[in-house]
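Two complexes, one shared chain (chain A), two partners (chain B, chain C).
Up next, the complex of A and B:
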């Protein structure tokens, strides 16, 4: 078989991505049709920048989902090495391909003779799960600490702000290197950090529901029993791993998270939460002077009800914008970690690691590094544009 | 006026058929429609209307500063014969600030906080005229002297934040006058100021207008202010001018149902909540995109005639016998304008019951340290409340009157348990509550003492539905046993405050200011409150809505026998609805008594000034003119002796030293009436009433 021309490569990639195009068209036509009933999300479609950002983001979300969950789009296995495909240029036909296999390496092969296209696509599915989830955890921690700091002020605020500044002042990469060093992993530090960090969502939801329903004790107890039960089991499963420092909850351990992944997750949450903390603290200080907060105080609401149900919902605008920006930051951070080979296994198809692999032969075979680098760039760009669009539209009437 | 026609001066501003629209992403929203008016040199025109009627848009249209969304779609604005619509940016810039100057509502927002006052003032002539810096400085000094600020050199050398609100607004006025403009636009210039300060600023504006011969376009929602400052008036409603004419004509012989309704809804001296209650305008102000066909006021008008008023757009008609007086009403000749307002059935006021609240020698001091991080340094004490003693009874409305910083909000906080008292006693139904913070109060006490807040746009949580917010209050107050019961009760509460039941699912942003305030009232009464502290509940509402909300409050009080502590600075409304009045100044109660006693002599000198300061929209009222000097002193550093001695005009009569050194004690004038003043009984009883009817 012949080497594919660039036009053919592009056509073939576009056609491989067909499910994504269909999903995008469906999403956009529904959203634009109903945009007047969709609040801020609907308003987003009036901003050109926001629409472009949203389109790029959703492109990667759908790509990641179809590849990760359904094994669509991808053309081969991300880890399998095909002999004779080492450092081959894009569009090279696979030598000795079976009839059922895809006959080309659309974006060429890397220095281990793996399919670059497949690795890039799989990389997106990794990112779209880890980045938002890690950001979400960082937000819960930032919110749970930022609300009381802003609401009470005083000594509590001084202490928490000082700790936040302490974390922010420490070089991030150095911190990661420390956390993933095998000696430190062996002492169980990342695991203990997970114990602390993952406890915050548990606290968050318990307080959230308790303050809301404490006036009707029976309902409260039922809801809390289920929510805390499910979250608790999840929590224990996450922090527990047989054979590690924490292996006392083996009986409830439902699943195991790869130790490297856990470390990456913990570090990302750890360095992201202080920034969220500061934003939430500032917003709280502003909103707590409103009359509806006083109204809640005068009817005898507890401080946590006021923080979580009166203040937090009204801080959501800036928080949503920041959430988008922070996912972008987290994506870059994950790329950086992968690039240095920290955390995730070295052969896993994350973009950072793929870029690092391709880097060594950049001057001769740029395709192996270029494809994941452009992917990373476009995803972060999309998130930033989306954040810009959201900010712009939330201010407009 | 009837002399020689050809000698009529050229109008300085002529607006013809002006239409301004704002363009949103959905549609075009007309804000001003076919607005016409003209102003002669030296004339003051008042532009009156409720919020959203387009009065500020007219002002911005004159300045050609409508932002990105706004556009003049029709008509012309001629200034000294030139059409402002056709001018280039450069030409406009040379006119703005030099020939047309504008004064805005928020003084602090009009001044650049990082520039000294002198610099900001000098900028005006330096930009528009070719003069030297020293000349500009001299001019600034002169103008600052003209706006009656003490120590002009020091003021010029200070930054805006170092001045008080009243002083800042004077600087803004000075800045507008720097290049001697021929037209001055004042957009609610005193709304952000206290009453006594407002009176002084209005006095100043009036005199300066005369001195400089400036024409003034005075935008306000306050009819009383317009009466005091203007020669002519233009009433606007929903984007249209509905009535124009001279002050005397419009105030005494109004020819538009909206103007008439407006006057009937404001509390003038003489109205009383039981014998002659206020008449509110039914319905709501139409949104710009929901205006009715024909007359905009039609749906709310008592004289509305089907087929006539809603047939075509209504034109301005000239009133017979007066060439200046115009009205946009189809039925001018059919309505009997002299008919008395439809009488409401006399309400019998509730018998005032037993004592519910008793406050004895209440003191509240705050400690503030200069620096939060290194506390322990020099701590300052703010004396927010000083030995307050009063009581309130069942079914009684006790008004607490005073300007900002007088300690009324602190008092409310102590009553509600958000703060504890420094010393003294607060007894609610016999049990002391002064030291129990709200966390430790039992549900019964909390639901019994509730509050209504001032700012309707802030009183409801914007992200929770109306019904949910009321249900939450019911939940916290442990009302009912099931969600069903609470939901039912919530609907009843909506009925109580006269809101449709569908509002339960609405979000606060879908409600108007008055509707939000009603929800706030429903929430306060959800636990069957016995004592309600209403902190200026109607002062941020439009005049026509104020009457309705006030009425509602009175009605609920009548039914529930609630004790109402009505905090306000608006003496007209206080006189209208309260049984007793307590006047506060710098944390002290300076006068307390029944409403009639407080509003008639003998007065405390501060009460006297306060009554005189409130503008009254009635041409028959003659007021004694008392203007207070200076501002309210800071509570951190209160004056020695009598708190009011720094601004009091009676000091000489009482013995100056006495006032400056010794805190006066209460003088018992009658059983209920007490005055905290050094003046002897003879001087006090020689005082004349401030308000007289001609």
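Up next, the complex of A and C:
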């Protein structure tokens, strides 16, 4: 078979991505049709930048979902090495392909003769799960600590702000190099950090529900029992791993998380949370002077009720915008980790590691590094544009 | 101003102590020490040999004592090992005829320790490497700051104009491009045989002695691009704010020319925010330096960081963290002082 021309490659890639296009068209037609009833999300479709950003983001979300959950789109296995395909240029036909296999390496082969296209697509399914989740945990931590720091001020604020500045003054790469090594994983330090970091969502939801329903104790107790029960089991499953430093909860351990992945996750959350803390703290200090807060205080509401049900909902605009930006930052951080070969095993198709693999032969075969680099760029760009659009729309009213 | 700066410096020193202690703690965890012993001694050592290697060199004592020694507030250890050799923190193994052995030899006394990877003094390594990175940073600043400010001012001068849209798009794209992405793209386009342009070199190894545009432009652009977009966006935001203020309108109504207003009236107020942003960019630039030095094989400070961390070279890592924490904190201080100095409305309390 012949080498494909660039036009054919693009056509073939576009047709491989068909499920994504269909999903995008469906999402957009529904959203635009109902946009008047969808609040801020609907208003996003009035801003051109926002729509472009949202489209790029959803492209990667759908791609990641279809590839990761359903094994669609991809053309071969991300780890299998095909002999004779080492460093082949994009559009090379697979040598000795079986009739059932896809006959081309659409974006060429990398230095280990693996399919670049497949690896890039699988990389997106890793990113779209890890980056938002890590950001979410960082937000939980930032909110749970930032609200009281801003609301009470005083010594608590001084101590927490000092700790936040301490983490912010730490060079991120040095921290990664110190935390994300196999030796540190052996000592259990990441696991102990996980014990602390993942405890915050638990606290957050408990306090959130307790303050809302504390006037109706029976309802409160049932809700809390189920929510805390489920979250507690999840919490213990995450921190516990048989044969590691924390293995006393083996009886409730539902699933195991790869130690490298947990370490990466913990360090990304750790690096991100001080920034969130500072934003939440600043917003709280601003909002607590408003009249509705004084009204709630006069009504006799407790401080945590005011923080979580009066201040937090009113801080949502900037927080949503920052959430989008921070997912982008987290994506960049995850890429940095992969680039230095830290954390996830080097075989894994995450974009950073793929760039790192490809860069050694960059001056001769740039395609292997270029494809994941451009993918990462487009995802982060999409998130930034979306954040810009959201900011514009939320400032409008 | 005096008490404010003094207080800030006290907090700075405390922060630096905390951070170096964290680095000290992490590098002195037992698996890390074991790795150190095996790379320094030999890889086939059993647990007993590892332990005696470590205890002979004083690694197995309590953490706070070792930290105190490193700092220079506790007397350095002198241990007569099981192999009948006397080793001490302050005894120089190369200088056999050392007459007077100093009691304290920590970082306060100017003794940064010895690198186990490079087998020389940490301070001399840091000095040579920092001067190389300094060269890189100087070039980055020279490219990044003026172009970012010009971009921001041109964009913010007339909000919503076509120039504004175009420049804002450029800056949003550059903020979305981390160094390892822009570096890869730049090398692919300008230095690879695949595109055939080959205008520049894909490595900056030669730039360490002799920097030319051919071997130095790509690494400099790679770092500058990422920071540039952010500073440009900040400058644009503060410029648009200034341009809508009352006194600019007054100046316009007075009949002043547009160029005159921008340069004489708007610029100073519009540059307050970007100044602090530029200063606060330093910690991120440090990140960029590590990535770019790895990507372009430029053996500066970032390269040393990677080497030290990869080999658990405790003294060198501590030296690296002292320098980088110092850079971060000093730039924060400068940004605060500069903010007060530039903005007369803010008073230090």
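A few notes on this one:
The working rule: the second predicted complex is superposed on the first by the 396 of 397 C-alpha atoms of A that agree within 3 Å, B and C clash if a C-alpha of one lies under 4 Å from a C-alpha of the other, contacts with A are read in each partner's own complex, and residues count from 1 in each chain.
Just so we're on the same page, a contact is a pair of C-beta atoms (placed from the backbone, for glycine too) under 8 Å apart; a residue touches a chain by one contact, two chains touch by 3 or more.
Quantities reported herein were computed from a predicted structural model and do not represent experimental measurements.
Legend: residue contacts after superposition of the two complexes on their common chain; A:197 is shown touching neither chain B nor chain C. When the shared chain is aligned, chain B comes close enough to touch A:313, but chain C does not. Note on chain A: of its two partners chain C and chain B, the one contacting more of its residues is C. In the superposition on chain A, A:355 contacts chain C only, with no contact to chain B. In the superposed model, A:384 makes contact with chain C only, not with chain B.
Residue contacts after overlaying the shared chain place A:178 against chain C, while chain B stays out of touching range.
Of the two partner chains placed by the overlay, only chain B lies in contact with A:298; chain C stays clear of it. In the superposition on chain A, no contact is made by A:134 with either chain B or chain C. For chain A in complex with chain B, the touching residues are 46, 158, 215-216, 290-292, 294-302, 309-310, 313-314, 316, 396-397.
By the touch criterion stated above, chain B contacts chain A in their complex at residues 24-25, 373, 416-418, 438-439, 441, 443, 446-447, 450-451, 453-455, 458-464, 473, 475-478, 483, 520, 523, 527.
Here chain C touches chain A in the complex through residues 11, 15, 18-19, 22-23, 26-27, 29-32, 34-35, 172-173, 175-178, 180-181, 184-185, 187-188, 191-195, 202, 283, 286-287, 290-291, 294-295, 302, 305-306, 309-310, 312, 317, 320-321, 324-325, 328-329, 332, going by the rule given at the top. Of all residues in chain A, only 162, 165-166, 168-174, 177-179, 181, 183-184, 186-187, 189, 328, 332, 335-336, 339-340, 352, 355-356, 358-359, 362-367, 369-370, 373-374, 376-377, 380-381, 383-385, 388 touch chain C in the complex they form.
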